[in-house]
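Right after this note come the structures.
Look at the two complexes coming up: subunit A is in both, with subunit B in one and subunit C in the other.
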Partner chain A sequence: MTRFTFITFLPRMLGLSLMTIGYLASAEVVVSSEQGTQSFSDRVSLSHVLSQSNKLDKVYWPSTGLYKVSPELEHLRAELLKTIESLYQDVNNAPLASALTHLKKDVMAWQLAKRSSIVVDYDLSRLYPKFNPNLPSGEYLLSLPTRGTHVKLFGAVTKPALLTHTPQASVNSYLGKAVLGGYGELDWVYVNNFNDELIKAPVAYWNHKHVEVMPGGELFVPFRQSIFDSRYQKINELVAQLAINKVVFSL
Partner chain B sequence: MKYLSVLAIAVLLLGCSGTYQRYQETLELALAKPKDAFVSLQHVKASNTDLMSVKNGDNPKAIVGLAFLENEQTKWISSDQVLFTFQSGRLIRTLGLPTNLMHLSNIANDPLQKGAFIEPGIRWTTKFDLDSGLYGHPKQTRFGNVYSSNLTLWDQDLAVQCVEESVTLSGGEKSSEFKDAYQNTYCFEVQSGILVKSIQSIPYVNKPLEFTYLSRIARLLQ
Partner chain C sequence: MSQFFVGTYRKCLSLSFVFLALFTLTDVTADELNLNNSSSLMVHGGTGLIQTPTSRMLADGDLRVKYTDVDQYRFWSATVQLYPWMQATVRYTDVRTRLFSSSPGFSGDQTLKDKGIDAKFRLKKESYYWPELSVGFRDFGGTGFFESEFVGLSKKAGDFDFHLNLGWGYLGRAGNVTNPFCSVKDSFCERPSGFSGLGGKIDHQRFFRGPASLFGGVEYHTPWAPLSVKLEYEGNDYSQERAGTLQQDSRWNIGAVYRWNNTRFTVDYQRGNTIGFGVTYNFNLHSFKQVKFDKPKREVTPANRPSSNTEPNLYRMTSDMLYDAGFSTADYALGDDTLTLYGQQLNYRDPNEGIERISRIAATEMPDSIKYYKFVETNGTVPMVETMVDADVFIEEATHQTVFPNIERAFSRGDISPESLESYDPENTAGFFTGVETFWIQTFGNPEAFYLYQGGLLFSAGYSFDGKTSVAGTIKTTLLENFDKFRFTRDAFNTPLHRVRTDVRSYVTNRRTTLENLYLHWHDRIAPNTYAQLYGGYLETMYGGVGGEILYRPVDSNLAFGLDVNYVQQRSYEDDFSFFDYRVLTGHANIYYKPPFLKDTQVTLNIGRFLAKDKGVTVDFAKRFDSGIVVGAFAAFTNVSAEEYGEGSFTKGFYLSIPIDLFLLKSSKGRGRIPWIPIARDGGQPLIRPINLYNVTEARSPFAR
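This part shows the complex of A and B:
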């Protein structure tokens, strides 16, 4: 397995920094979205930024988000990948090794930026000052997705899957036989609806509660915690921490 | 044009203290207020923006103002940050209520687009998302009973034709604690076919919302 170090992600961090420097030389606020990158010379209001989009009537507002580029997240990503690699080298279980490999690939591909607590809603921003803040200078990523049609399942599963979103379905119905026997958490999973927090959904027969996942959302099956090896818990915590800051332009 | 409505509301809300106070009293959803909000015919006629009354279940009536008219949608706001979005007279999105309608599918095929000329018996299927954590729940509707009635407002009668829409929600774990069948009603002024009143429910919310288009009625009574 490739060794992941801070150096591995230095080019990515440098890339972001150079882009930021290039734009910030002439602008204070730089906003990138699916439609490209725009720079604003003054402190710009959220409603003005949103008004630049040409697909506002198709946006699924519950899943929108504004993210600020933050190199700190790359440190967490490097730490997570290092932990996954460390665990991978110690396991003798092929399905678990496969799950770790898939998770590594997933995490490497994530676009990460610090999710802002600002509510992104065009109507609210136009109507009420408290929903229309001026953005402080910096580089932002703006997610304005349309309503998704699938649910992604990943983590302690035999193979990550992109499943069709099923109306009314509870989280359990997506899990099926995908959870990695012996290594996957059987009592609860994380639901990522790409809003402010992950939901910890109980899925065992004894604690089951009807929880639905948003179309376009994700289910992270955590690794079962071990009293002999804290790396499983560390992986779970880091994935949860990073998943909330994962930028997805299209659900 | 769309910004004129907002500007009008902003001016009304932020204008002289007397006017501001009056709108503070009327432009609220007033979930806990003991009395229905009332605006006179003269007040509605003088208003620069369209007004509508909203009755939320057994709660008192409140007044909301038209903020935006765009993309075939009308968006109405209250002073306490509740927003109602309609298309073809159907409530398609809310913000600021205890439970909100976030998404409604298949709007392009909504029979309500035919307005007063809707055919009894016609059916429509849609799916809705609520911010209570329900996504893609199916809803079937059937337009049925059509009847004539009078809408009385400001001591005047307006002849209307109303059509009932029977709504059925398809199962789901919520159905045991909430109504899974209810009726919406849409009333159109007889001569013009303009929608002047509707009673609609957000699925799995047991309080119907009653919307009365005050400014439209005021123009029709002239």
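This part shows the complex of A and C:
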């Protein structure tokens, strides 16, 4: 038996968790998306879940994703926040402190869940079994965003920014002079297109290659690694690890 | 001069099928793997400009073969990027202006040939403020025409790649700067001449000594993508060339490289008076692959799962496993909740793929009450490794009941369990077996001709008494060869060692059909993780006798070790069955180690007594690439001095081991091995045992899969 319950989507992790726990008592599979939460008393196929959406014609399929709520990621987030805080306490450089503060706020606001490697595509799910898994019991988040219009720039930058996406533009064109002098990585940035793959894009004068970011994607400028302080590298690694598992319902 | 070496390239299927399949080979180019890499090779092989090397590396796993023609010299080279930080080049040089030897009776009118080996190590990667830093050693084998060392810096800016190097030896012969080490220690001011031993040794006492030069240049990748141009300034003055003193009108050289798919064509203008050209072909050892037309993996769906009260059809299941999944079942046991199958995987070199395919068939035949599938891989009837499949987990994965697919989590490998051993009772284990293989023997750089070859068929047959004990033999028939060009079968070197290998020419030339081997063999698992074998008879082309081996090899362990002991007598080359008087007790302690800090690498040590009664160790270093191709090198260090050993000073060689699967349109196991042994004499020579336990037990901790 399948039961549908549509409720207002709450973007914050805490609120969502509280909301879905209540449903688990009476349902095995709970899937939340931008349109609300659906509960199923038995395993349900991905194609069936997708078929319930009334906006499939507007979905930007390259950035769709299926996520499972996982407490492990909260441990990583806590570790990342702790590292940022620890570094913040030790720095006496105002721009760097500001970048760390922005990053901390950003990370706190992220909705995290473990991303499935299965491509979410309504056509593929109806054609091939491997793209149409039966969801075992648990809480899931289904991201079916519409095409974005902006690119987010964050990390070791003077100020995080939401920039207008330009078709066919190289990643470099979004960086401008935003990279934090002395602390921002100059050679490469991470490109997150919300498609289960983080691209390490070379952007310096010596290694530049044309890499594009998709509409609604993110550019994370890493902190330059220091042989004297491993915390910069740790922050980069944790951000990269968490960014893949960041749930976005709208780009 | 190179001595004879024997390399066989064997395969199990017909030649015509293999060559047909060759045309469908696909590979992904290096640059697709590594966007940052667009370096080209220098004339001698190895990344560089024209005559000068640079600190640049190729993409990991790149193998580039190159031919270059520069007036007096011709070069054939192969450059391989073994690790992202290490590049190696092997090269043959043909000197057109010199004869191979002054004796026409020895080498006719053949021109001078020399081989060379280069190695380059990256010490630091390029970054925003720092150039790439590498150190290179060229032609370091002792008699090298181009022996030199260099430290190089490379920095890219846009489409320009700038290079600056400091070189010693051939590369620094012009001496345009003071050797910086000379100001630290006087011994660095002069470069010792000659070479130690009888060549073939690494003469580290000459490294970084003598005149030094700065050299370098720039490579510009033009807006027309296939074309790049090069400009370089040399540090060599061509005053001491093997081809004689060459006129150098300018130290500036220019060149161009045109890329067409995986092939690069080069043309250059050198020394202000000489035009050179070359061609390079590139493929990547990691991504090299072949399209396959295997049967698709069986889908497991609720519809094709048997109901709980269905009697399993074991005949249909094992038959499907053979034809659809390459698993030949020798025995089975069906318990209350466990199915155990004993047999051999014949087709799939990736153990997990083989297990997945047969598990899918088991899942569509076995009822829900069977919770475990156990597959015991055997060799003959000797059990090798047991893979336990958790049926519930497997079916969950196979029927896509998870959003984090990972079918391998259902598999667990281990040594053979006591229950599996107890219920193992294979039937029909006695019988005849036959086989046909091709062989190809080749040797480069001989005085009679640069390339000598012999090819033909190996017919093997035998009788297995119980899957553990057998009698087997091989007859070798030559079909194609140019060994009739041999002018001698024994070289003139007055060696104090018994000629345990250097008479090999006599063994491969006097008859077209010979008895390669004929022996009685037994092998078994004698204890947990421990295997043993005994053998006796005509063991290889040159030796017969008796021997035994024991090997301890835990499943999926980085370490295995064992011991082999043999008492053998040298076979006569005059007929197939008689012996010469020479007898020797030979054997080794064998250690196999896969260091966790070097990806897909295996180091093998064979410590003991060799055929010439010399004592020492053979070190073998093998690197496996993702395609399954293995590149290896070995060297034997024994108590035979360089003078006693003769040319080359000690036994060493390289090899390429290639999965046959890469040339076939259907998945297949088996490998071909192409060795390159520049010089092989009598010291450090092991017995070539007909069966090596480490190969037989490969399934326990696969390296060359």
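Just so it is clear, the second predicted complex is superposed on the first by the 230 of 251 C-alpha atoms of A that agree within 3 Å, B and C clash if a C-alpha of one lies under 4 Å from a C-alpha of the other, contacts with A are read in each partner's own complex, and residues count from 1 in each chain.
Operating definition for what follows: a contact is a pair of C-beta atoms (placed from the backbone, for glycine too) under 8 Å apart; a residue touches a chain by one contact, two chains touch by 3 or more.
From a predicted model like this one, the values you see are computed outputs, not experimental measurements.
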**OP:** Please tell me, clash or fit, for subunit B and subunit C sharing subunit A in the overlay.
**Re:** fit
Original post:
First (subunit B), second (subunit C), both or neither: which does A:P167 touch?
Top reply: first
Original post:
Looking at the overlay, does A:K177 come into contact with subunit B only (first), subunit C only (second), both, or neither?
Top reply: neither
**OP:** Could you look at A:K68 and tell me whether it touches subunit B, subunit C, both or neither (first, second, both, neither)?
**Re:** second
**OP:** Enter the shortest inter-chain Cα distance between subunit B and subunit C once the structures share a common frame, rounded to whole Å.
**Re:** 8
Original post:
Which of the residues in subunit B come into contact with subunit A in the complex?
Top reply: 6, 67-68, 71, 75, 77, 81, 83, 85, 95, 102-103, 127, 129, 131, 133-138, 170-173
Original post:
Tell me, which parts of subunit A touch subunit C in their complex?
Top reply: 43, 66, 68, 114, 116-118, 129-130, 132-136, 140, 186-187, 202, 204-209
Original post:
Touching subunit A in the complex: which residues of subunit C?
Top reply: 35-36, 126-128, 155-158, 299, 301, 396, 399-405
**OP:** Sort out for me which residues of subunit A touch subunit B in the complex.
**Re:** 57, 60-62, 121, 123-124, 126-128, 147, 165-168, 170, 210-215
